[in-house]
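In what follows, structures are represented as structure tokens.
In what follows, subunit A forms one complex with subunit B and a second complex with subunit C.
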Partner chain A sequence: MRNTAPMFGRFRYGYVAPAVLLVAGLLYAPFVWTAYLSLTRYDGLEPPAFVGLANFAKLFQDEALLTSTRNTLIWVIGTMVLPVGLGLLVAVLSYDIKGGAWYRVPFMLPYALSGAGLAMVWSPILSHDGIANLLLGVDTAFLQDAPANTFAMLAVWTWQQLGVNTLLFVVGLQSIPKEPIEAARLDGAAGWRLFRHVIWPLMRPLTAVVVGLALVAGLKTFDIVWVLTQGGPGRNSETLAVTMYKETFVASDYGYGSAVAVMLTVVTGLASYLYLKRQVTAT
Partner chain B sequence: MFRSRVATLGVAALVLTACGGNSAEAPQKKTELTLYNDKGAWTKYFDEMGALSKQRIGLGMKPTGYTDSAQYQAFIKASFRTKVKPDLFTWQTGGMLAEVVKQKQVAETTAIWQEAIKAGDLSQDLLPYYTVGGKQYCVPMNVAYWGMFYNKKIFDKYGLKPPQTWDDLVATAETLKKNGVKAFYHTSVLFSFVWFEQLLAGTDPDLYDRLSTGKAKYTDPGVVQVMERWKQLIDAGYFINPGDKTDPGDVLKNGKAAMVSFGSWFNTSMTTRDMKAGTDYDFFVIPNVNPALPKTSMIFESGPLCSLTKADDPDASQKYLKWWTSAEAQEKWATSRGDVSANPKVTIGDKALGTVTKDAGGGKYRLVNRYFEATPPPVLTAALDGFSKFVTEPDSYKEVLETIQKAADEYWSTHQ
Partner chain C sequence: MIRRAVLVVLGLVWLGPTYLLLVNASRPASSYDPGSAWIPSGDFALFDNFAQALEGADLSQSLASTALYSVVSPLLGVVIGALAGYVIVVLRLRGGFWWFLLIFGGTVFPSQMLLVPLFVGYSDAGLYDSRLGLILVYTAINVPLAAFVLRNFYSGVAFSIFEAARMDGASTWRIFWRIYLPISFTALTAVFILEFTFIWNDLIFGLTLSQTEEVRPVMTAIAGLMTDVYAGTPVPVGLAAGLVVSLPTVVLFLATQRLFARGLSLGSVQ
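For the complex of A and B:
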């Protein structure tokens, strides 16, 4: 034991090196490179030319970015309210009844689809002569006018995400200790009061995780928008992630696209930090 | 401590060696070339060309087709800096070609052009599209003349004939509208520029040229009038919904719109849908808006097939490009897709397209470079977004033109 410990100690860097190199090479290096590109003018061909903070200054004057920020905000709030809120509702209504799992199955099915697959399925449904207009008996261009098109896509997103949130809440509800609930029932609490004052506070750690995930998912919304509208018509349904992609790969403005990426990273990091900090302090 | 650092360095060196490669590679002799392209739908036709070239010049070709052009362009640009070497790749003429030539990434083809022109395999008219700084690069992968494809059954049903004047075209649209048929296809995705270029080229082709070279502004009265004319056509109810995701080939086949304006390559969409030229559909040249113009303006495009300067086997790539321009190769390439050819010796099977090619070769039309190639990439991006907005909100045309002009100002301030 005395001999092996120092040996292990001497080589300890060697043992972790592969993991460190992988993380550094695949996660940190691209981020540092993106951060560097955000300070340059770069079209993917000519060598990057340093321009200081010019790309960040442009962020504040770009009307298209204002639209993507508005849309991203709708996505963040919408994602936290709809899939999470409705997921909680379905979980609460179904977890304590006989055969509740069967009621939840239909909500789970769409979760099997990928974001891009989801959009492919809904594209013909929401198109101008699609089945949505036919069923509702209206003639609406769901994916055309802003911000209605973002709400339409949010509805599709809710359809997919509802199930997994329901599942998480059901797990949360089942893991709550029975004693405080029974004690509350004995004290006469039931229905909304029981939920609001006993169940909800007990589920707080799980809710923090679900809402936190929804927050990040909302901020990085890309695939569904890209497949359904490509951020259009014009640029009216772009989210920050779509703007980042379009500026970088469609307009070949790698510098500005990277600036959007850095901004998105900072916003996501900050929002997650503030949210989690608040949750930790509260519990 | 020292040993552990040595160990770390050792692992790092191993990983880096595994990632790296042998930098001094000897040139290889290739028997099969890779052809990267953004025409994923044409893989079958590229494969047929590969089989033919293998048989004729002992050099096979394997296509890798992308369907998303942004992804494709990013890949090609990245390949310039990496060891991934497409032997051949498709690109775009205009500003995009100049960009990659400037980077010395594209192999020169001046000798191929000279020989081909001498042999009558390529026309002198095409030369300017492939010339950067006095030298030629790439060869024509395809050429296309733009006009109107129309559903002949619908035209016959309402006794309509291909229009000879602009007023005829509008009258045709009006007749169709009265019979509950949408006259024209347009879209808010990618091809949102089609009607802009057509209306501008047919009204004032000189203004079109000045606009693409930064000598005119998008806010000039001539351009504003074109947008107003476009808006009138939209407001009149002649167009289908621009957000309709139906494939334009199906739009025409199903009669969702009676007319679809595209390049002659759209003929492939017709033939793959088992539609017969002259019976199910046909093609006409779109008349000028301004009848006083001496020649009918016709949108023309040509997509290049290029090879890399740093290709593994530059001789093989050049040999392939040379063969590609030959009548034998072009006959196959044009016939299999039912399209026109860059080689004047090739007989075009489709009657209407054959006539257009012959007339265009005889100087009947004023050929106008397609907007997609004629416009510098950053201005194009803003314009495609702008026209996409306009087709869904026609009232926004002034705002749209101002936004495009802003991008143009930014670009031309450093590129005049």
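For the complex of A and C:
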């Protein structure tokens, strides 16, 4: 093939150029710029003034940031446990019974709602004079007090996400080899024991992927919080992504907002790395 | 038996909010009362409510813009990504793997790291609050995945196809458009659907880079319906809006399910 190379020589770079230019210009360059801005004081009007690590020092003294770190942690653990765990439960209960697909319909319906539409739908249910309070005969401010408001939103998220996780697990369960399960059944294993010692080990790789995706999604939680509470009341339901947005575009503190973005990126990278490493060493 | 019982109980809990959503989104806007929200109204006003959302919040312009973004950007994205995959795999670009790594590396940046420079840069370049600006950024975000899937796909295509076409005197450009792009149709479609869904549901870029009703994408507009003028939006109207804006992604996904599954598995074949 080498001898034909000169025939379509230099212009080859023209084929890769659009992709490289777009990615470099709109992804890499902003990334580097944000990293630089995190070391500056910048309000978008005056040119950025270099302040070293001052923004990062402020991160550690900022009480709002402590709150949003706590909330983000709740989101991360919550999304790794609830939608994934319940999804696995529903999948295991329904994958090999007659009409199993029908039992799964209620869990699939909420997945049709997307993004802001989801929050739109839950707002009148959770609001103070909302449906949930009246139906349950209670007077709870679901979206008011922290950290209860984060848990309420987590419940909404679980309601929406369960279906897709169930679907992934059902596909996984249906594609695991039948022989080990049959053999274990013949040996008298059933129910929990069958699941724990036969099915679960076979499902581990898939579960690792689903949990990993939930980990990253949980760290970046933004949409649902933004639409349901905007991080409030006050700042008590903010996640790191919401704090970043508010510091930057509400408080016009671009430097500090960038520092929060950098922190979020470092935490996401580190968490993904540690998680992947653990998965690799565990298998 | 216990299994079915658990499934039914859990299923009923899950159906509750779905039921409330459907009943109240179909209720005439004026007759909403949280106390009797679980009783169907007997009327079917879903479309009236949605029409009201279209007018009141000017969702129609946002819908049109979002439709534009979620079709044009993925189209550009898959073609640009396919071109990169083609030149790297088929034309054997020197250092091709590094070029690929550079492009694919674009997936690792969280959107929070992009917002400030995009906002400032767009303001300076006159791209802030413009459709072109949003199309550009959405396209850039789509390119890495497209390049990834298409590079994999083209690795599995016999090189003799290319050689034969060269023998017949076709230019590399022509071979791409006439042969390589068409044979990767299913893979392209799978990527297109994923990216369509991503853009349709995007909130944060719309929030950061647009302002006026003509440019603002629909999820951002919906969020505004809640956060800016929530007091003024009747609940049934809001519910109908949330329901209807979610439909396009569902319809697209259901309509292309088979193709989607096939395209992704093709994409992963080495």
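Just so it is clear, the second predicted complex is superposed on the first by the 267 of 283 C-alpha atoms of A that agree within 3 Å, B and C clash if a C-alpha of one lies under 4 Å from a C-alpha of the other, contacts with A are read in each partner's own complex, and residues count from 1 in each chain.
FYI, a residue touches a chain if its C-beta (ideal position, glycine included) is under 8 Å from a C-beta of that chain, and two chains touch if they have at least 3 such contacts.
The structure presented is a predicted model; accordingly, all values stated were derived computationally and were not measured.
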Considering only the touch criterion stated at the top, classify A:230 as touching first (subunit B), second (subunit C), both, or neither. both
Please indicate which partner A:124 is in contact with in the superposed arrangement: first for subunit B, second for subunit C, both, or neither. both
After superposition on the shared chain, which partner residues are touched by A:157: those of subunit B (first), subunit C (second), both, or neither? neither
Of subunit B and subunit C, which one touches more residues of subunit A? C
Touched partner set for A:75, first subunit B, second subunit C, both or neither: neither
Given the touch rule stated above, what does A:44 touch, subunit B (first), subunit C (second), both, or neither? both
For A:19 in the superposed arrangement: first (subunit B), second (subunit C), both or neither? second
Check whether A:250 is in contact with subunit B, with subunit C, with both or with neither, and answer first, second, both or neither. first
Once the shared chain is lined up, is A:95 touching subunit B (first), subunit C (second), both, or neither of them? neither
Can you pull the subunit A residues that subunit B and subunit C both touch? 12-13, 18, 44, 123-124, 129, 230, 248-249
In the complex, the residues of subunit A that touch subunit B are 9-14, 17-18, 21, 43-46, 64, 123-124, 127-129, 141, 143-145, 230, 232-236, 246, 248-253
Per the touch rule above, subunit C residues touching subunit A in the complex are 3-4, 6-8, 10-12, 14-15, 17-18, 20-21, 24, 34-35, 37-38, 80-81, 83-84, 86-88, 91-93, 99, 102-103, 105-106, 108-121, 136-137, 139-141, 143-144, 147, 159, 166, 171-172, 176, 197, 200-204, 207-208, 219-220, 222-223, 225-227, 230, 235, 238-239, 241-243, 245-247, 249-250
Which residues, counting only subunit B, touch subunit A once they are in their complex? 1, 3-5, 7-8, 10-12, 15, 70-71, 73-74, 77-78, 80, 99-100, 102-103, 188-189, 241-246, 377-378, 381, 385-386, 388-393, 400
In the complex, go through subunit A and note every residue touching subunit C. 1, 4-5, 8, 12-13, 15-16, 18-20, 22-31, 33-35, 37, 44, 86, 89-90, 93-94, 97, 103, 105-107, 109-110, 112-125, 129-131, 134-135, 159, 162, 220, 222-223, 226-228, 230, 241, 244-245, 248-249, 254, 257-258, 260-262, 264-265, 268-269
